[in-house]
């Protein structure tokens, strides 16, 4: 009898904990860091605005790169409603069946998106994603130390040994490989393993020159003049340029990566209608304008573009000339085998080209075991001596 | 020699406290910069109390720490009593299991629990990663510390007192609460405090098992990847001072009750 | 029967949250995403053996630095007046109550190229030194974070050492140095041994310190595991295999330490 009471108490305790934390009227948004107007500097606090408008709370969480997002989504270990992945991740998530088809009746503001951002390669029928921001990848350089005319700066400068220990690189396989591939003149979506191998060899050659592999920290480190050269997304560049006049930003004309981050809804979202409401809200012109103004990324919405100040509209970093745009490539999802190959190569790059083979590991374990045996033997001899 | 000893100890403490000192100083810095001083301000302390992200992370950290340390203390104390009463080989086996999470690298404990929670969630729909899984994970890594701080107290206890209570007509439950519990209380309290602090500071295991929930360490981690906002410096300055004062008070009170510092109990 | 009942919840708990998860790691390490048995994951781990080697070297170096720095500290603490010992030990533990992430981040501020140390150096006219993002910075971070775990166990043993043993040695004509090497040090070996494991295990498996102070350019086991579970490449099967090898290494290491420990106990 006592046993029974005991167990039922345990079980009740367990379920009551579970119940306590079942949240109701809120959505989980998973996005990039500093990718929304958050109310600082007198701008609109977009999420609070949404809550006061609809009564739906927004749990806003940030990720560092697309792969982190993918890991969290595909492990099932998270329940995000609205997610904002980049181009290639959208197509990967679609192909894995991890995105929900959007009901565009709930997103009337979709009509505000410019036509050149509809039906892009990563979502050809445009049924899963709504473009949020776009931009190009360029190079930060410190004018005090890099005395090269801006037009002469190409990806090669990141391989220049003059700037040893002053170069930062992306801590993300896809972006780093894109730079290496672009520099070699290959497609960033190459399906040829040889191209990837060559790109990896170049990255391995570059590693001794690299001070650190970081993502968002580039922002801080370039601004504080910890490093002199780094690739980065055009949007965030504006803030750094404003704060430190020694810093320049250039987009290589010969070719770069154009990214389009889009809003999507995760397949297992239980609050799809609310999530669509949120996406629609984000596309409304005042909200989109606030977001563009605070984050500094480029907008896919014509109306919003027209409302921007002339400095920004004419700024080549945000809205570059046609030649740069023509040479810019958008990521698409890679075939599974290339993806795997890239991951392997990336670990090889990060460990300096030396990854070793199974024998070394066996030797390491063997040394441990030998040490163990020696100690045991030593101990035995000592006790028998006594 | 004595002089050298003092210098050495001073240098070690300097080494241990320098980063904390830097942290505290820059919580009063009138700029987001981490290395340049721009003048004195209290604004980060004001902003801290307006920053919902940090406050909600702080709230969930405290909630998780409170619940899991209480569960761990109750289960751990019960287990310690049980272990003391069981046969020698059983005791040995149970202690081996108890030591397991302590020996295992944190990252392995983290990923193994992540595998479990994801597996359970995908197949049975329970244990959705979040506050609940964090509570379970934290309780799991706190349990051994509770057991290890209660066991010595049980061992020190004179078992005859318990038997005397039984002889005098107490039933076992009553004699446990009346006789045993007061004697092992210091061990239980130590276990509780240790669990609480370990739960607050845990990052690695929460990182793998937390899903979307942000605890304070996870919020700090996502900030360190970009730029730590001085509001976090302000929060940790406050926490540090609270802990500092608390510990000094505890220690002063214990001065009378010699040779029992927080450490010597485990 | 009554007594067992108090143990039961703990046993169930341990089974569900300790044993089963570890089983899952083992199962994942030997299976393909389709659920078939395979040795491939384990074989793949071999490709990353340099990463293992580097982590072990970094872990060993910081453990040895911890012993060299921590032992004198523990010894000195045990020599001050008993009244103050508790205070000093408390001071030693207080930093552990502040978030270790923030403390490590703070080191970044101190070590950076434009950080506090370099600012100081350039203000007195010495040229700046490159400190951050080097193996040295990682070792410093490990020593900083784990030093108290070395000092505390050594101190506990030293504080318990019977003064009479030392006096006896002195009476027999041994000088201070000799007393230390022949009497005190051998007695304190169990403390060193448990300090060793308490520092080596977390150092070898950390991934935060290497990320923050190593700038991502020094890749260690922790990074590798994190990458498989939450990072660039989601592959829990390989991740489990790496975890399994790491666990195996640490178990052997603990075995060695246990042997050493019990040997010293048997001798003394």
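Structural remarks
Note that the chains take the letters A, B and C in the order they are written out, and that residue 1 is the start of every chain.
One rule holds for everything that comes next: a residue touches a chain if its C-beta (ideal position, glycine included) is under 8 Å from a C-beta of that chain, and two chains touch if they have at least 3 such contacts.
If you're wondering where the values come from, they're calculated on a predicted model, not measured in any experiment.
Chain contacts in this assembly form a complete graph, since each chain touches every other chain.
With A-B and A-C as the two chain pairs, more C-beta contacts join A-C. The mean-CA centres of chain B and chain C are about 18 angstrom from one another, to the nearest whole unit.
In terms of their C-alpha centroids, the spacing between chain A and chain C amounts to 32 Å.
Under the contact definition stated at the top, the residues of chain B that touch 2 or more other chains are 34-35, 114.
Within chain C, residues 5, 9, 112, 114, 229-230, 236 each touch two or more of the remaining chains. Residue positions of chain A touching 2 or more other chains: 72, 75, 214, 224.
Chain contact summary for the complex, chain A toward chain C: residues 2-3, 6, 10, 65, 67-68, 70-72, 74-75, 165, 171-173, 207, 210-214, 224-226, 343-344, 346-347, 350-351, 354-362, 364-365, 368-369, 371-372, 375-376, 378-379, 382-383. The part of chain B that touches chain A in the complex is made up of residues 33-35, 53, 67, 114, 117-118, 121-122, 126, 128-132, 135, 211-212, 214, 222, 225-227. The touching residues of chain B, counted against chain C in their complex, run 5, 8-9, 12-13, 15-20, 22-23, 26, 34-35, 75-76, 78-79, 81-83, 85-86, 94, 97-98, 100-101, 103-109, 111-116, 119, 136-137, 139-140, 143, 147, 172, 197, 201, 203-204, 207-208, 216-217, 220-221, 224, 228, 232-233, 236, 239-240, 243-244, 247, 251, 254, 261-264. Residue ranges on chain C touching chain A, taken from their complex, read 5, 9, 43, 45-54, 56, 112-114, 130, 132-133, 214-217, 219, 223-224, 227, 229-236, 245, 248-249, 252-253, 255-256, 259-260, 262-263, 266-267.
Residues 2-11, 13-14, 16-22, 24-25, 28, 69, 72-73, 76-77, 79, 86-110, 112, 114-116, 119, 144, 147-148, 152, 156, 197, 201-202, 204-208, 212, 222, 225-226, 229-230, 236, 239-240, 243, 246-247, 250-251, 254 of chain C touch chain B in their complex.
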